[in-house]
Each structure stands twice: as C-alpha cells, then as structure tokens.
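Input: one structure, supplied below.
Chain lettering (A, B, C and D) follows the sequence in which the chains are written, and residue indices restart at 1 in each chain.
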C-alpha cells in the first residue's frame, strides 16, 4: 500500500556537517519496512520531481506512524528539507521499493550471521534493518573521518559495529571492504548500501566468500512506482517488465541480489 | 451533463487520457487511480522487438518541468499484447496503443500485430526526440510524415492518431500533412528537445546529452500549437503538454483539443487524472455547460 | 582572474549582457544596477520610424515564465540615437543595438543610421514572434535569413549579431546559414511562441492571441539550442533564455556561449545582472578557473 | 527611490468578503505617496510577475515605515497573499508610479474642493489621498451592496463621504456617477480610481463640469519601472518615451489627467 499525502514533520536535527535526521508522521509508516524508501516532494513549484530517501527507522511501537529519514544535503531539494522544522508539512509518496528482506532467497534463522555494510549516506537504511533482523547482526559503517560520523550509537545498540574511516581518524583506516578484510569477518549474507564503487567491492567480496549480497541501488527517479522507466539499472538477466536487461530501481529494487545487477 | 467526446467514431466517456510513457500500461497507477474512470489509457510506446532504451541518467529536473531520455525502452509487441493489453481488457476504458519503430516497416509491423486486439486506437509516435533513428526524423519532415502516415493507414484496422513533435517550424503544416495523408486524428505535443548541464561536474546531466522537456513549463507552447493546428485541420486533436489541473485541460479544450492527456504531472501526483476529470465536471456545473463539446475550440 | 570575452574583435569586460527589450536602454534600471559593471547593454529593438506595438494586454504570466506580445513599440531611430545612445555614451559599457524592421530595406536603413554612432555592435532581430510582417518571417526561412544577413553585412559598419528564433526545426542550420552569409555572431534564443487562455472569460489573455514565452521555463530549450549551434558554427554565440542566476549563465557558457544575456529575470529582481556577474566570479574563484574562456563550450 | 526588498507583514485582516487589508513594514514607506503602488511578488516559484497594489495608507507618524495595502482576491497571487499572517515575508518593489499629486497641474489651496471617487477595489488609494490633501475633501465610494462595504469609517474620518451601491442597499442606488449627479456635487477637481467604465464616466463628467479629473489606470505589468513597455495605455498626445500614443501606466501613471488618455 503506497500513500500519497502531506506528512507532518515531528522533529529535525543536524547529526553532523550536512547530515540531517528528520522524523515525520505519516500513514506510510504502517506499511513500511527496512530498505524501502520515501519520495519527498519539494514545496517549491519549480522542483517537481521526487527526492527518494531511504527509511532509516520505523517507529511502530512508542509513537506508531512515525518514520525517520536521515539524509545528506546534496542540492536544492535536500537543502530545502534541512530548513524545515517541527510542524512543517512535507508531501510524500511511499513506502516505495522492495526493501531488504523481500529479495532474500535464503532462510534467515536465529543463528544466521548477517553482515550489514553502510558507506556514508548509505548507512541510514542499515539501522532499521539491524533492528528488524531476528538474527546475529554485525554492522560495518564507513565514514570520511571521525568528524563526519553519525548513527554509530544507534547501530551499536543493534549488534556489533565496526567503523572504517577514510583518513583513519577512527576505527580501521580505509574503506568498509578494508575493515571487513582486516577483521576477517565471516557471515552468511551481506546487506549493503553506499556509493557504487563500494557496492562493486561488496559484490566481489561476497563472491569470494561464496555468500549472497543484497545491495541497495540508486538512480534518478521520476515516478517512483515503476511506470516511467527512468530509474533502471543494468541486470544480468532479462528483466520481467521490459524483456531487456534493465531492472527498475524503484520497484524491482532498490535492493537487488548483487549477482543480478551489473556494476 | 455530457462529458463524452468522440474521435473517429470511437466514444470516450470523458476527454481525459494518460500521456504515453508516463503511465506505463496503467498497472502501476491502478493502485491510485480507478482506470475505469479514465477517458482512455494511452500506453507506453511499443515496438516490434524489445528495446532497451538509453543509458542512465534518463531523467533530470528543470524549472517547472523535467527532461527525459528514456529512449523508448519496451518489451516489444508480443509481451505487450499478452500482458499489457490483456490487463487493460479488464477495465471499462478505451485503450490507445502508442507505436514506435525505427523504420516504416517496423511501425507497420506493430500496427498489423495490433489489428485483432482490444486496442481501440493507435497513436503513432513520430516525435520522440530521444532515439537516433526513426521517430522524430519522421516527425520533422513533412514528406516523410505524409509517407509514413499513408503506409500505416493502409494496414491499420483501428483509427490512427499521429503524434506530432513540437520541434518544428510550422505545426499547422505538419497537422495538415497528416490530415491529407488520411490520419484520423493528431495528438500534440510530444516533448521539446532540451538539455541540462551540471556545472560542478562540467558534464551533461543526461547520459543522452539531450532529453525531452515536459511539464507545466511547456504548457503555453503546447496550447499555442493545439490552437494553430485546430485552425488548420478538421480532424480531432488530442492535446497535452504540462497539464496538471482541470484549468490546464480546459485551456487545451478551448484552444481546440477534443481530448487531453496528462503526462509528467502523474509523477508528482498520481491522482492527477482523476482530479482533472472531477475539475472539468465542476467547471461545467459552475458554468452551466451541459455538453463538453460546446467548449471544444470555443476560443478563437 | 580574467572575465573578459571578445566577440568579433570587440572586448567585453565580462560576458553578462541585458536581453533586448527587457532592460529598455538601461535608463530605468540604472537606479538599481551600475551599468558600468555590465558586459554590455543590449537595447530594445529600434526601427526606422516610431512603432506603436500591439494592443494590451501585452504580458501574461505562465508557470515559471511569462508571455509577451509588446510588438516592438519603439520611438524610431532618430529619437533613439539622440536620447538613448547619448545616455549610454556616458557609461563604460558596451552598447549593442537591437534592430528591427518590416522589410530588408527598413533593417538596412536602421543599420546605416547607426554607422557613425557609439553603438559597438548590432543585433538583428529576425525572430520576434509578435509582429505580423518582417521579424520572424526572416528568422524561420533559411533562404530569407541568408539574404537579409548578406544585405545587412554589406552596409553595417559595426559587427553584426543575428538573433535567432527558437521556433524552427533546426537551429544549427539557421546558425550555419548566418555564419555562411557573413554574420559575426549569433544570439539565441528569442522567445518561443506560446498562448494562454482565460478559461473563465473564454478568451485569449493576450490581445495578440499569441506571445513569446521567456523566463526560467525555457532554459533547457535555450541551452540545447546554444549547444547545437556551437557544434555547427565557429562564430561566437550569445546565449539567453531563462537566465536568473550565475549557475544558469554558466550552463550556457559551458554549452558554448561566449556571452549571455539576462531577460525576464530583470523583472522579478532588477539586481539580477549584477548578481550573475558576481556569481560567475565566485564560481571561477571556487573552481580555480583563471580565465572564463576556458569554460566556453567545455561540455561536449 | 525604489526599494526592492523582503518586507515583513505586520498584520492582515479580512475587511469583507474577499477584500483584505495588510500592513507591511518596508523601507519603501519612506518614499511613498498617495496613488503610487507597490509590486508584490509571490512566494511561489511558478509565479514570477509582480502584483501591483495601490498604497492605501502610509504610516509615517505612529509606526513610521509601514504601508497599508487593501486588495481583492482576484486570482492565485492575491489568494496567496490573503493567507499570509503577521511575521511572514513578502518580496516587494516600490513605491512605483507617479501618485495622485504629481500630475496635478492646478494649484491646490485650502479652499479647493477635491472630489475623490472610488469604485470597488479602486477605493483604497483614495484613503491616503484624502488624508494627505490639505483642502476640502469630498469622497464618493461605490460598492455592489451594503454587504461589500469597506473603508467607509476611515474615509468618513477624512471628509464628507457619499456612498452608492449597485443594489441600493445603502446610500444612493446606482453608480458613483449617479450619486455625484444626484447630490449635485460641485468641485474644483476630481481624483478617481475604479473600473474602466467608471473612469470613462468620470472623464465625461469632468468635461461637463469643466474641471480636471485625475484618474488611476490599470494594466498588466512585467517590470513596473518603465522598461518593458508591457503596461501602456493609449494617450491622446504623442508620448515622450516611444513617440507614439502609448503612455506607460507604471511610470507615466498610474495617475493621468483624464484628458490625456483614451478610455
């Protein structure tokens, strides 16, 4: 069930330089699951297209009907959102996409070891995933430096957390891949979100380890519901929709088994 | 109150359609919109074989509009008939199939495959700015446009709508050429070729460099073209380009469009088509217009 | 940091100009903008005799833009030279005089009258969509465009910029025609013909029915045309259409424009030209661009 | 001196069905005089052109720097303004135009009888004029009906007020012209603002009475400063600017001697 409505902003805070966290109240929360995303619409009449933002947390217990979105100011739209405050209204459409658990073909048991990997602004969706997984969770989060770290406390609360920073100012120096290698992590499956080169690294790593990796992809979107074919990514197999090799990130994804997509 | 209109002998319960390529075959939007309420669903362009379209990024936002360079990705006519037309057969709405091809032969091939299907009409896309061969090449040259219209008319079992490009000097001439070549209707406008540059990365935003501009930004150009075409031809016109409200739709109708289509606005608000239909009814009630056909081309 | 650009041997202190017809001759805006800071003032179109223009309403707002159908009202070349050129001679900025006419003879007449004035360059408006004779008729026909360009070049003492209409199928062809006929530069785009209908009164909003669309809405079309023209010709291009910020201006420059002009945006914010100039300087500083000419056409 | 700035809304109230009164704080107040107008800019990025609104009152005594604008909701822009509340910001350009007293060629003495005539939404500018005239002021205000009357108290405070209503529900039944004729008003000059047919009536009346009439005209505007030639009205004499018969409402007007313009 997808909801198109004016949501209400409950709170907004700056987590660190350029990274904002926003709780919104919306009927979409009821239908949401980890790895899905919400399309946010600008209040400016000049900006018509949606800004897709992953769901970072779903509150269906203390304040049911609330979603947390954590985002980086990347342009005019996200800049506008970052200036909103409690009580402001924000047009949304969601939840959209498949989410992390839909494409998981393996059974997850309490014994399963799930490795969650987030790079930069790919970290937020890992939080709801960590909270919702009923198994052993290990998270690896990659940041530029210790000054740009966010959500680490929340992730620690959900399982073991390993941090990598590009400049080595905290945790392992290097990428999340370096950290996983350095810590010789073993797992039954990987979930990942982050920049393309990182996802490529995860795909290779998972192949080496002989385990499946479920990765969340990004692409420019227009409809967000699978109709416009704006957001495709190249798939290894013929896709069901267009019978070519293009899966739609907005409905076939954003989470794909890494072996399904070309990176 | 009568809101139905008729084009080439086919009756539509109201003049509001979906613009090709912005609504798939209605499946994705059926979660929001009751397809039975629409005048027609106009499907995404379909070709003889599957087309994979252009590389990404395929869409970009512009001031009051958007660019797209999808490149006519589609599953080809076989899957389309089996899946999409079958899906649409369950609804009480008209089905207009948008047809694309690289050569006249390919267009005709698709048209022939559609002969004994539930497609009510065919819309021939000779105006897509995002593919190298075919498409817009036909739509920008009066001679080529006449030829392809005639070839298609020879084989088509259903009425034929020629979808025109706004990227021409004289839209009235292009509409006239279609009428003279036997087209049953024309639709306009397809997107206007545009470009966006990312000044920080110093490169094109779209992988295809150029894309087609649509959305509210282009409405004044589209209304003007519908008006000019309406002064030049007698066949019905389906108008589109930036329609996001009933007021927008009524501008097109008053300029001479018998029906209208909602495109990019669906992306911002999936309920747009239903709202446009309701709003037109409201306008008619408020202004005591008993028959929508009174409004067609009423501004001259 | 060098921000100066040169067109046909004339140097401009920066690439930012005013778009003809949106800034008068600078008088009215000199209360807000220091004209000495501008690359050039491009004046409102001037004809041989006074023109009274079209009936009102002459302007209408559209989504992200506006329509105008001024119809080239102007006091004629005599008053213009005496008053406007005299006014501009007091400023340290380049002066580009926009020229209009109904016949080739009229254009040439204005051009000749300007020979021994302080006009640095002439911009020939063959693309105004709002007058019945002359203007756009020349700008939409390659043959007529070549002819008038040649005639004007024969008599012109100053370098000649041909101002092109976007209401054509092939802008690259039109630019090439001008280059081949001897034009020193081309400028684009003039407005795109559009229309607005008042659905409550059921009539055209503009007395002239159609008008020219300008403003942010048209920017993607203008950038695309500048890019296409830049791939086709070697003469410099002055780009315009929807520029309201330095970012917008830089898109045009990277697409291939040597200079840019600010039009409708002046109406919303009279300080726009100065802000664009400052913003370009800021971009150059931030990105360590020491010479603006490095950016011209850098995206391909 | 024209100011382009973000003004602050001090208060907003609905005077009667569809008519709103707004006080704004702006540096433009210092330079404003009666009959001039302010261009208001929408906060919507879709609406780029100005909405010209006449100055209804200038407060340069109690709260210097404040202007009152009274306007009718006529479309999307004025509708937007009507929803603004104290503290909101509104982009403005002004004061624009010549104002009522600039074109007055006669001398005004304390003995002068000035007849101020406002029809409907043409009434607001009469208030500041009434307040600023140092002579005998008589005002005639025309409304549709008694339910749509506004600013009558304020106008009464500034001189004698005669009201006409179309339906006769208050004052003289008929137009302002009917009221002036019925009351056999004598005056030395007329100032008027209202719909075109009313201005035409005033022009004829003034000719009959052998006195000058200064009327405020309306036209669609783009620049508001005389540069675009969007807002012209037909003038009886060759205009100075373009040497044709078109005066610019935004700078040559909005107030013209009725004998100067074709109606």
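Quick notes on this structure:
In this section, a residue touches a chain if its C-beta (ideal position, glycine included) is under 8 Å from a C-beta of that chain, and two chains touch if they have at least 3 such contacts.
On a predicted model such as this, the values are computed, not experimentally measured, just so you know.
Under the contact definition, chain C and chain D share the contacting chains A, B. If each chain is reduced to the centroid of its CA atoms, chain B and chain C end up 34 Å from each other. Distance from the chain B centre to the chain D centre is 47 Å, each centre being the mean of its Cα atoms.
Chain geometry summary: the mean Cα position of chain A and that of chain B are 36 Å apart. The multi-chain contact residues of chain C, meaning those touching 2 or more other chains, are 63-65, 216. Counting only residues that touch two or more partner chains, chain D has 45-47.
Because contacts link each chain to all the remaining chains, their graph is best described as complete. Chain D makes touch with chain B in their complex at residues 45-46.
Residues 21-24, 27-29, 31-32, 44, 50-53, 56-61, 63-66, 68, 70, 73-76, 79, 215-216, 264, 266-271 of chain B touch chain A in their complex.
By the touch criterion stated above, chain A contacts chain B in their complex at residues 1-2, 4, 41, 45-50, 93, 219-233, 241-246, 251. Chain B contributes residues 62-65, 67, 140, 167-170, 192-197, 199, 202-204, 209-210, 213, 216-221, 223-224, 227, 242, 247, 250-251, 254-255, 283, 298-299 to its touches with chain C in the complex. Contacts from chain B toward chain D in the complex involve residues 63-64, 216.
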